[in-house]
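Can you keep this structure in mind? I'll have questions shortly.
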Amino acid sequence: MIDATTITAANAAADAALRADYDALGDHLARRGIDIATIKDKVAAYGIAIPSWGVGTGGTRFARFPGVGEPANVFDKLDDCGVIHQLTGATPRVSLHIPWDDADPADLLAKAEETGLAFDAMNSNTFQDQPGQAHSYKYGSLSHSDAATRAQAVEHNLYCIELGQKIGSKALTIWVGDGSNFPGQSNFTRQFERYLGSAKEVYAGLPDDWRLLTEHKMFEPAFYSTVVQDWGTNYMIAQELGPQAQCLVDLGHHAPNVNIEMIVARLIQFGKLGGFHFNDSKYGDDDLDTASIDPYRLFLVFNELVEAEGTPDFDPAHMLDQSHNVTDPIESLMNSAMEVQRAYAQALLVDREALAGFQDGNDALMASETLKAAFRTDVTPILKMARLEKGAAIDPVAAYRQSGYRAAVAETRPVSDGSGGGIV
Amino acid sequence: MIDATTITAANAAADAALRADYDALGDHLARRGIDIATIKDKVAAYGIAIPSWGVGTGGTRFARFPGVGEPANVFDKLDDCGVIHQLTGATPRVSLHIPWDDADPADLLAKAEETGLAFDAMNSNTFQDQPGQAHSYKYGSLSHSDAATRAQAVEHNLYCIELGQKIGSKALTIWVGDGSNFPGQSNFTRQFERYLGSAKEVYAGLPDDWRLLTEHKMFEPAFYSTVVQDWGTNYMIAQELGPQAQCLVDLGHHAPNVNIEMIVARLIQFGKLGGFHFNDSKYGDDDLDTASIDPYRLFLVFNELVEAEGTPDFDPAHMLDQSHNVTDPIESLMNSAMEVQRAYAQALLVDREALAGFQDGNDALMASETLKAAFRTDVTPILKMARLEKGAAIDPVAAYRQSGYRAAVAETRPVSDGSGGGIV
Amino acid sequence: MIDATTITAANAAADAALRADYDALGDHLARRGIDIATIKDKVAAYGIAIPSWGVGTGGTRFARFPGVGEPANVFDKLDDCGVIHQLTGATPRVSLHIPWDDADPADLLAKAEETGLAFDAMNSNTFQDQPGQAHSYKYGSLSHSDAATRAQAVEHNLYCIELGQKIGSKALTIWVGDGSNFPGQSNFTRQFERYLGSAKEVYAGLPDDWRLLTEHKMFEPAFYSTVVQDWGTNYMIAQELGPQAQCLVDLGHHAPNVNIEMIVARLIQFGKLGGFHFNDSKYGDDDLDTASIDPYRLFLVFNELVEAEGTPDFDPAHMLDQSHNVTDPIESLMNSAMEVQRAYAQALLVDREALAGFQDGNDALMASETLKAAFRTDVTPILKMARLEKGAAIDPVAAYRQSGYRAAVAETRPVSDGSGGGIV
Amino acid sequence: MIDATTITAANAAADAALRADYDALGDHLARRGIDIATIKDKVAAYGIAIPSWGVGTGGTRFARFPGVGEPANVFDKLDDCGVIHQLTGATPRVSLHIPWDDADPADLLAKAEETGLAFDAMNSNTFQDQPGQAHSYKYGSLSHSDAATRAQAVEHNLYCIELGQKIGSKALTIWVGDGSNFPGQSNFTRQFERYLGSAKEVYAGLPDDWRLLTEHKMFEPAFYSTVVQDWGTNYMIAQELGPQAQCLVDLGHHAPNVNIEMIVARLIQFGKLGGFHFNDSKYGDDDLDTASIDPYRLFLVFNELVEAEGTPDFDPAHMLDQSHNVTDPIESLMNSAMEVQRAYAQALLVDREALAGFQDGNDALMASETLKAAFRTDVTPILKMARLEKGAAIDPVAAYRQSGYRAAVAETRPVSDGSGGGIV
């Protein structure tokens, strides 16, 4: 963890400017009929999960260029996640990936307590082969044509649930790489039947207070078809499995031009929105930092989420899922968590009564402007004040750099191997 | 109609070459264990519907460049459709669009008998305003925020059913332009609830032996969101309405790169594939001639359809839906009907037993080659022989050009107005 | 024009809040080392051209739903454009489209003086046929296979130059619909040679102080290929023609996912960026209101433009080009002009020295944050103050609605015909 | 190499059927005025290069699933390439990638003679870091902001030329991963200036009879911008460098929906088409087997190449570039080489005189049909006969499977490590 005095000193230097900005924004919002403190409190209460694998440097199939001080195991990762939460106050939970993060539950719980974190959804991995594994996932896992391979994949998912129960997780997220690279390689229908059969076995092992989140993806690692290719198939899965099954939306997993916020709305309407993997993309599953490419799109997603607040049983899981290839992962995750908070704060500013009126009256221009007025508002002072008040850093990246954390861990952690591509 | 002697003479000239090609193909297929006559009979029994609006020259929002002899009304259109069927033997049904084709049912039936045609699905139009209409569809129809506008759109659909019943149709196809052009313009959820409410009213008016086919489309004429944007929403609609509701797939209505044949498979698997609008596209809803851009994709769709043959209650409607901007529409429709037959014939050649074996054994290369072997086969002689045997033309376009049909109708039909964009 | 007292009264009511916001922003910017008045003065000096055709309601190939009080001719259009400039102070020039706007030059100049406007680039139209035209553009214009058709298209462009010279224009913009709908329909090379030949004839008729701006577009109205399909071909054209030829970038004319700001940078670097048609899009050439879909993308374009300020001979033309299907065109154009100003103002706030340092040091995160810090700043008070100081409206849409302008013109202008598609 | 008796025996069994098919096709083509032997001879003379890295199993950033008997070094790779050429007679050259394939030139030449192969273009690698390398390519290579890093990358390219000269290569292909992952990370203009500066240094080291081929790519491994993002920038590079510089087109490196055959035509027209990396794709740079997804698109590319035959100095390099993730790479490369031959043979069948007539007369339908008639022709017997006559296998995949080659090399080659992603 970072020495608290580093944070305190940095905050002290930024305090006066923040208060001036905050007060000015408060006055401005008051003129719009909005109480800034209410917004700030909502933002302060908001938290997003960090994926354990996000704190390592990512890569592509072409190369991976590691940084210094890469985490060598789940405990290093939890240390890094703890720093992120310490500085932002926005990331209270970590999502583990098994077997990468497999460890003694007692040790995991101890480390979580030490770092001030809790555990979010568990993630299974049947898109890679592990040493000593009996059956290969080269041609699929839950949907493999071979029953023994499917059973192995089911068994692994049940193990993830078992481990998760011991560390306080309440959800299992399943993403598979199953698909095909050639027309004809797989029979779409039989493959999907096998997937559903396996998924039902996993679902049967779900504790009553758990959710099963399935994730769709258009392509990659399969390049002609994927078994859960879009939200339509994902929705079918959630329907077939039952009420504890819901759909997870990763912002980078859709076809070009797709209106993602509309998919979010549809899944909410039919009770099947389970959660998000937040990131940004320009071309494919680029896994770029959230809101780095299209911040308005993120806002529009949050506009749907705020619109749905209060819907019974509406509680989607929020998680970042990014690949940090050219930045310090800790910095990117801090920034991205703040970007998600920003979109949430902006969405809270939408004048929903006015919006509904413009929608009913087909005043497209003013409806658009109503969203834009909220989006344009620079809510940075609200985010900063929420952090300051909870002892986090006004400017987390600056404080992090001042702390020397990365250089310090670089001295104790082994040098990471740059060979091979990068897994995220 | 075209003088039968024109066809007979043209066929006579092409007969010898056809028989040589047909026999050689028969020998080749026999070596692959396939009986050519069986394939030919299936092709001969196959028919696809023509959209009445397809025989007029299409256009874009920028311009429409009409040809000579454009049909002036539904009876002219039926004449043109009759010629298409006479020459190809492949298009026994016509799909009407109301109010464009509204007419006395007795007159329609008489013209159908004269031209040797029957009536396919009825199409309603709530994407344009008609003179004297009480409520405008500028901001939507079945999903409009105004109840009276929705009621007007429902009423129009019920009228289409009523008219269709009198002329032997068994299905209503609904495509709406409803959507929005700005984020915020419409509340996705309330808009979809209104759509479902209206659609249920139409569904309630459906005779027991009818189907309701709904069509999804990613964009255009709405450019930010459309209410039935993809097959996921379309599937929700079909589920909400009931067993007589199914999804219609227009090949040009998807996001870039989307795997359409997989959507077809999913809808078949869940009993909700209602039919097709065949065309081709490179960029958007280009409405180009079927198989003119990507013939293998069309084959892959038919591969799914042949795979599903024999599934209980599986009977999707097949129709062309194209915009002919630079060709004689009659020629394009004849060619496109033959391209659909071609894809069907190729799909019939797939060695399904071998394919299933390669799929189960994860022999991706041979599975791909099994499809390719069928696709590569030049089935033209089969198509020609099927036409010859039913008295149609071996080469429909050549026979049509020889017949002088277009020049003849140009003398009696009024000159079409080139102003405005083109509706298809 | 709108009664000045309407504007004055509206401004008076909004004055106090504006001054509070402006002062607070000034204080904030001062802390960032930025003088707000400098930014405001630059924004105030910025102007963007309005396309004459933009003040009419647009449409699609499916339908056009006109509003009331549609302009019936170029003089009505100039009245509407005058109102836009009166209220925003941001649109001092109008771009005419011939033959739609053909009129006596003296009358055009008189109307321009009356409305306080000047004339921007001339636009030719060889994508539609006009009554009485000798040769049809159905199969192309400047690249048509027939020499007489090409000559007719060249002649029309020369006429546009001639007319433009009389009314003070200094540029000709050429966009053609030439292309093909089928593989094989056109020989790409011969077609492009013909295009270049025709374009050279037009270029030869260009006055010394004029520019020729050519516009690329991926598709529509041609749906398999277009002769100037992308910036690469556009750049070839500008090179072949000579120094007065430059490329025009319409934001909606690119393939999905394309990085447009990078194209802008490349064209600047090689001296060939001629200008812009601003709009926004989600799917294709949607012609939506500028910045309504992706405001950050617009900012990134302006980031390149501000970066290039001071480059010798760098003077790109700025114009809006949108299709207003569901809004009052005057309102959309006012809003869009302000959105362009907003992006310009935000781009002016970028700390370019810091940015260059982060770029040289490969500090990707801080480089990104440097742009984001500028983009996040709500520059609305700067825009409003610039308007207030020049006698325009603080809130142009509100003032416009209060003025009753649309209702007034609706009484004198003929009712527009809703038939046909919409041309933009 | 494979025992010749295996091939002879397999060919003997397939001989009779082949002769029947070949004769029937010859008769058919004769009726179309085409001499089958002429086509066969052209196909027999055609050769395509194999990338050395293609014989290893590829992978994605998520995983790599190696097969048995993976080549461990360049000599193993040349053995595999030798088998491919032995069985197909279509792949006489191999393209090396340095430093992966770095070795003593004498040893390389000896192995090439042993396997009956020659060396095609050299490929440099500045998208990965090598052990002991002074400067990292994490933030770029030829365009890096640091001069020493750029110099290192230039030096590496010069080394590739030097090595290539010793083994008979005549071209250097440069593909870099340089780009950015965040807006703002790189200054587009300065980055491209640095790229051009470095490329000029490499160009200066080019022997007089060599070509420099530069490759554009839209995205990956950089996900916001790449320095050579499209053919427009690639064309600028070739212009800036000089007459020995030309553009290389990889079919999978374009934006969605882009008309690639048109780009090919443009580059031919302006003398800058340097060569191809053939593969196929559905979503991005999927590197799937050539023609496995869209065989008509490949045909349309070859249609341009055959159209340009005879153009002075027109001699593009042809190479496969695929990632074989689920197949035996040898099988995929054999099949893909044959698919390229197939497209070439089909393109040779186009009736170009008729086509030109339809193009000049704007008979779009018949122009399309003219291409389709060529594409539909099953030229398999021509390809098989060409192979048979040169002692290769009628059915290379079958002969390869019968030979037991893979099992044999699996006994002597080390087991490949499945960890990490896959590089292609």
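When the chains are written out, they are named A, B, C and D in that same order, and each has its own residue count from 1.
Quick note on the criterion: a residue touches a chain if its C-beta (ideal position, glycine included) is under 8 Å from a C-beta of that chain, and two chains touch if they have at least 3 such contacts.
The shown structure was predicted, so the numbers you read here are calculated from the model rather than taken from an experiment.
A.B. asks: Fewest touch steps from chain B to chain D?
C.D. replies: Contact-graph shortest path, chain B to chain D, evaluates to 1.
A.B. asks: Taking CA centroids for every chain, report which one is farthest away from chain B.
C.D. replies: Farthest by centroid: A.
A.B. asks: At what distance in angstrom does the C-alpha mean of chain C lie from that of chain B?
C.D. replies: 39
A.B. asks: Just curious, how far off is chain D from chain C if you go by their C-alpha centres, in Å?
C.D. replies: 42
A.B. asks: Two or more other chains touching the same residue: where does that happen in chain B?
C.D. replies: Each of 138-139, 180-183, 185, 218-219, 224, 256-257, 259, 282-283, 289, 292-293, 296, 326, 362, 364-365, 368 in chain B touches at least two other chains.
A.B. asks: Sort out for me which residues of chain D touch chain C in the complex.
C.D. replies: So the residues of chain D touching chain C come out as 138-139, 145, 180-190, 192-193, 218-219, 224-225, 229-233, 235-236, 254-259, 261-263, 265-266, 268-270, 296, 300, 303-304, 307, 355-356, 358-362, 364-365, 367-368, 370-371.
A.B. asks: Would you pull the chain C residues touching chain A in the complex into a rising list?
C.D. replies: Residue positions touching the partner: 17, 20-21, 24, 27-28, 31, 256-257, 259, 282-283, 289, 292-297, 326-328, 331-332, 335, 362, 364-366, 368-369, 372, 375-378, 380, 397.
A.B. asks: Which chain C residues qualify as touching chain B in the complex?
C.D. replies: 58-65, 127-129, 136-139, 177, 180-183, 185, 218-221, 223-224, 256, 281-284, 286-289, 292-293, 323, 325-327, 418-424
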